[in-house]
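Next come the structures, one after another.
Here chain A shows up in two complexes: once beside chain B, once beside chain C.
And now, the complex of A and B:
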């Protein structure tokens, strides 16, 4: 139930993000000034942290999706609870940190 | 069960797998590949330099189409899972989601029209 809810909530969030993303990207057709102005909002540290949160949302959805596919294919049906903790949460934390730490260092701290 | 038929199950998994690859690539390109993107300075100039290559345009447009299918099909699964829609309601939902997807795709593709 936790994983099921998680997959739906993260899926809806990502679809909503795709809407915002295309809304911003569509400004490319209005020329450099309009696009750079639209992007200026996203250069603040707050938005960099939200980008890192977006990475977390993607990683959860992707790894839980892999787990669901494995279980559907009959892999680890008996151990699907452990699969949730190992694949979705365990591997998810590692993948998230692998992306989030450099993002934080380069884009937030600007080292 | 959220799955209505085998094709839908199959395409949701296939597009999910494709997104895994495409999104990992997108993440690398937009956040790590060059010094400006590492600092998070995504400007028109930085994007135009990449997107002026037709191959990148094709990859990004393909990426958008795969993401839209996966996202809107997922939304469809959630709505149908409530079981409130009859056969006619489901038909209306399908048409509505196809139209939304078409407009959304057009919105994204035309972003490249002046690059």
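And now, the complex of A and C:
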């Protein structure tokens, strides 16, 4: 239930991010000034924190998606619960921290 | 020293507008939720409505929602719930008859739809059917046929709640037993029902709630996954 709910919540968040991303990139068609202005909003520490949150969302959704794909292929169905907690959450947290810590230090604290 | 728990039982229709009746129940040794219900029924309120039959986890009659998880009341030890308050509600996704007793009609409607009865391919055979020891049927069937039709899996699945026409885990698992059986002759009809894009196996999103609550320990999601894969490779699991 936790895994299923998490996949849907992260999926919706990523959908929202996708629209935001496409909207920002589309500014390229309006020339370099417009694009640079749009990108400037993403330099603030708040947005850097949101980027860290995005990393977490992507990692969870991707690793859980791999688990679901494996289950659909009939691999690891009996061990799916362990797959979720050890791989999706365990490995996910490690990958997240590997990215989030440097991002936090260099982009948010601006050391 | 007497230990007590609070037993909250959903009422339907609600007497005096109270959706739940509360009882202080004295904890007895190895007390099950069913024991607690009986204590409340005998000592406090004889109008409490709940179902039971065998009391030993064999018949599936006493399936109820205990602290929001479908369980057999007779097989759930109160102390294992590790909770001061035990809330018993009717299984979700079923029409309520009285208090925590529900009608299993939605469950059996889907059960019937998969043609659960065995129909042999050939009529009367002169000899015994040979089932090889290394066949999928011989290996998998013992792990799938213990279903006591308690209805817990159907209650646990989010998708039966959203779509009353979805087959549900138990019906699909029953169908899987027939699909595996090389002697069965109903493969073609059954395949069409299982393969239905709106209400067949494709409505399963591998939530695994069914497997988590099955009191017989049947891996229901596994049955559904196997059928999905077999449907994508016609002729692999059975011959029409």
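Structural remarks
One rule holds for everything that comes next: the second predicted complex is superposed on the first by the 111 of 111 C-alpha atoms of A that agree within 3 Å, B and C clash if a C-alpha of one lies under 4 Å from a C-alpha of the other, contacts with A are read in each partner's own complex, and residues count from 1 in each chain.
Keep this in mind: contacts are C-beta pairs under 8 Å (C-beta built on N, C-alpha and C of every residue); 3 or more make two chains touch, one makes a residue touch a chain.
All values reported here derive from a predicted model rather than from experimental measurement.
In the superposed model, A:1 lies in contact with chain C only, and not with chain B. More residues of chain A are in touch with B than with the other of chain B and chain C. Touch criterion met: A:71 reaches chain C, while chain B stays clear of it. Using the contact criterion defined above for the overlaid structures, shared-chain residue A:81 touches chain C, although it does not reach chain B. Overlap of the chain B and chain C interfaces on chain A: residues 72. Across the interface of their complex, chain A is touched by residues 158, 205-209, 212, 219, 221-222, 225-226, 228-229 of chain C.
Across the complex, chain A is touched by residues 9, 13, 16, 19-20, 23, 27, 31-32, 38-45, 47-48, 51, 64, 67-68, 71-72, 74-75, 78, 104, 107-108, 110-115 of chain B. The touching residues of chain A, counted against chain B in their complex, run 8, 11-12, 14-15, 18-19, 22, 25-32, 35-36, 39, 42-43, 48, 51, 55, 58, 62, 65-66, 69, 72, 99, 102-103, 106-107, 110. Partner chain C is touched in their complex by these residues of chain A: 1, 3-4, 68, 71-74, 77-78, 80-81.
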